[in-house]
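Below are two complexes that have chain A in common, paired first with chain B and then with chain C.
After this line comes the complex of A and B, so read on.
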């Protein structure tokens, strides 16, 4: 685990919420992927990744996010991204992440969307 | 080939200091002190000049110059040379108006004896007698006491203070088998109102710690010999140009001098080598070539070699450990390294590495304090280590070293030129950052960029894009270059029109197209997915070019500027 990255795990009903903090690089990406797989193993099907406190994401971090997204598509899971900064939203757009995941300004809006499904 | 004596240039401030000090000595208010600087700064030339000025300038103090510059067989041998030197200089001073008539040979005791008799100098005769008596009984303690106290005794008898310049005092440890025994005698001599001592030597850190600190139990002042001003250095280089008969590009001279650390000794040594091979140094390329040749097998090589106990010692284990140690320290830049870490990386016992640190400190390569070792900021030493490591450990041919390093040096010199004052419209604010090839080091570059952006009033969204590109560029450099020096250089240049960020590494060059292709291959190994970074960089920046230089790779990224909107 890198000193510059942290994940806080919470649940909102049947939604697993990961609050990401810091610099999402290869190690950070690995950590998110590991926690995601754990929650999938525990039966969660709805996920929110909260980026409100993510300063930077590098291309390796993006690769991990793409990997997670791929898993959700293959496994009938749902994934939302929330609170993206302008630059991170642009990044997600550029690498195609926005095409397949739902993006919301807040966790509450994402929860409302997921609970309505 | 011996480097010709350089001409005396400038140094007005220092000469004024010595003149004021001489006046204080005459008033009985002088003091003994250490006069220290790194090697090659011109202390010896300055001291000889001051001695000359004092000799012809007045009747007091009597100047005496002595250099610890040859090996002595024992302390009796030293006593004899020191005494002869002091006696002869005082005798010559006392009859300086009649120097043209001087018939006696004052380099031996019979000549000194006759001259002392002729001048009626009883104390001189007595000092010679006491010395000869000590020699007969092989009583080195008596001989030393006699010799070291001679200036004060002569001063008292002449009723004029003697000012003794003891040059190259670091030699005390190198030239004697029992050198340290000497210091208690000098300690006794220090503080006399009839003889003042100036102990000149190098390197300053070591002497302050080992000699000024340890041997002199009473406080003794330390004065640092300052470097030359750029004007003095340039004037002197031009004087050398004439003396050496080599033509130098005038507009590049100050850059080269700066490159040689403004050190007169290093510059003279370099030019002395260059003149044999080149009639003209007209470009950075030629300078870099000549500089490397001097480092590989010329004067600059010999400049550092004595610290390795003779050139051939480079082949021996100690030399290799020293090079390895220095290499480890340079890799960390100016950041101090704990002795234990150095020990681990060099692979010596703790005692062994402590001996190594002591050797490096004595050579002026590093400074050790509370178990932390820090390399001195010396560009030439760094290059020398790099050349020696390549040559002696990697067994590289000189022409290959020149091919590999010449480009880098030329490039560095060109960077200097770029940093020269420019016309208002093309003025660029430049910053250079050297990052270790460590995890998350790119965040340091980002932090630096934030600061530069604040200073340069760049728009926030532009800054964010440059940051993203910078992160990718740094991790690309770290990942693909396999840099031998494990460093990444980030250069920022801010002009009114654009911000340019160049990320450089000195490793193997890589083909960006190859990397990009790997990124889009589905079966690409995971680590190659990093190639996506280049695609992103092109999106974030307005202009991107990747250059394979002779020494590695440089990614140049340009973002055209939009000024921050003024807040209403």
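After this line comes the complex of A and C, so read on.
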């Protein structure tokens, strides 16, 4: 299990923000999905996943993000990805993750977008 | 396939290979494999199952979509099992062939929870090992031929992991069975030797239990001397069988109530070499057992029999058994005399240090006796076998004094 992966959970009004740090490349990444489901259970409907400090994502990491996207789609929720590196953005494009989330350069821009909805 | 996608697939294959060949936890490996597959193919639900019961059951190993409380075993109709065995390739649940339809009908959760779209039976060298079921992709689009090929390659890797695990489990089971069998053999072996020893002692009502006691005393002394367990086991067996040669000695001589004539004594002496010959034909795990039995009447001063060995020439086991044997003989009734008291026995042993018995062995023996009287040993091997008519305080101080004397 990756010890260099962690999730910091914050709230910005009615937006739940998850700051991901490290390598999203093994079962340790399950934590993101678990926390996401927890916030859904608490009634949050707007989410931001901040990738500014994510160094690497592999197929296992993609799988957990797919789980989050499925919940988003089925639960009529809103999800934004922020601060994606070029390589991660290309990966998200390739596996179809970008089609079900909004992508912004910063958390502020994502928050502004979500608050305007 | 575009280059980026190809690289992504290769990278997954490489990571899957590492995961499978790592010595990690099997369940974790299967879960990681499942997520690698889902992530690579952009699939949101899926499960990996392991076959058992002649391929008629599939046990869930990892899934996304199946919830706690859902059945964790898929029932596999015979026709499906047969079909999978003959067609271990990627199939679509939509195809609704008889075999697939039967599987779906027997297991509603494949439709409800997994929304199964693609499946692939897992086989290694023609042997079914499991099944992979995948649900829909995130994007509502059919699987391409390339994606099915990717699934086929990933599934093959996962099948190997399942197969390896099965081999490991089989091996573990065999080890368990062998260990149990060995344990049973050991019980039979121990019981046989004990029964044999009892049969020897039964020749003389006065020596009933003698061999068992000698074996116990031998182990007690050996333990005190710090001998390793394996050696002690051998000494225990030698203690039980040290008198086996008596089976060739006339019962009349063994049970004679008066002193033996020189001819009769010569007859008795034969039991050591006879014992050696009998025991030499047995393949003991401890090769010294026959020699120990042969030399248990040798004396330190060279006046013993059968070989008249001296000091270091005598096997340590034989020297220990010599003392244990003498102690039990002195503390037991004999046809020709009553037993000696405990105190008198200890004095007699001390008197023979350097003549018949080795000093270090006697010291160790006395230390064990002292510890047993003090109640310091978990298992008492000697005192419980003795006549209770002795004053522990007197014996204790005698032992203390003798130990100090012998150690100086």
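Just so we're on the same page, the second predicted complex is superposed on the first by the 114 of 117 C-alpha atoms of A that agree within 3 Å, B and C clash if a C-alpha of one lies under 4 Å from a C-alpha of the other, contacts with A are read in each partner's own complex, and residues count from 1 in each chain.
Going forward, a residue touches a chain if its C-beta (ideal position, glycine included) is under 8 Å from a C-beta of that chain, and two chains touch if they have at least 3 such contacts.
Keep in mind it's a predicted model, so treat the numbers as computed, not measured.
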Superposition on chain A - do chain B and chain C clash or fit: clash
Which of chain B and chain C A:72 touches, first, second, both or neither: neither
Which of chain B and chain C A:4 touches, first, second, both or neither: first
Which of chain B and chain C A:86 touches, first, second, both or neither: first
Partner chain in contact with A:58 - chain B first, chain C second, else both or neither: both
First, second, both or neither for A:23, with chain B first and chain C second: first
Touching partner for A:94 - first (chain B), second (chain C), both, neither: both
Clashing chain B stretch [against chain C; choices 163-171, 469-477, 487-495 or 559-567]: 469-477
Chain B/chain C common contact set on chain A: 25, 27, 58-60, 62-63, 91, 94-95
Touch list for chain C against partner chain A, complex: 2, 4-5, 8, 11-12, 15, 28, 31-32, 34-40, 42-44, 64, 137-139
Residue ranges of chain A touching chain C (in the complex, touch as defined): 25-27, 58-64, 66-67, 69-70, 90-91, 94-97, 99-100
In the complex, chain A residues that touch chain B: 2-4, 23, 25, 27, 56, 58-60, 62-63, 85-87, 91, 94-95
Residues on chain B engaged by chain A in the complex (per definition of touch): 439-440, 442-443, 446, 461, 464-465, 467-468, 471-472, 475, 526, 529-530, 532-533, 536, 539
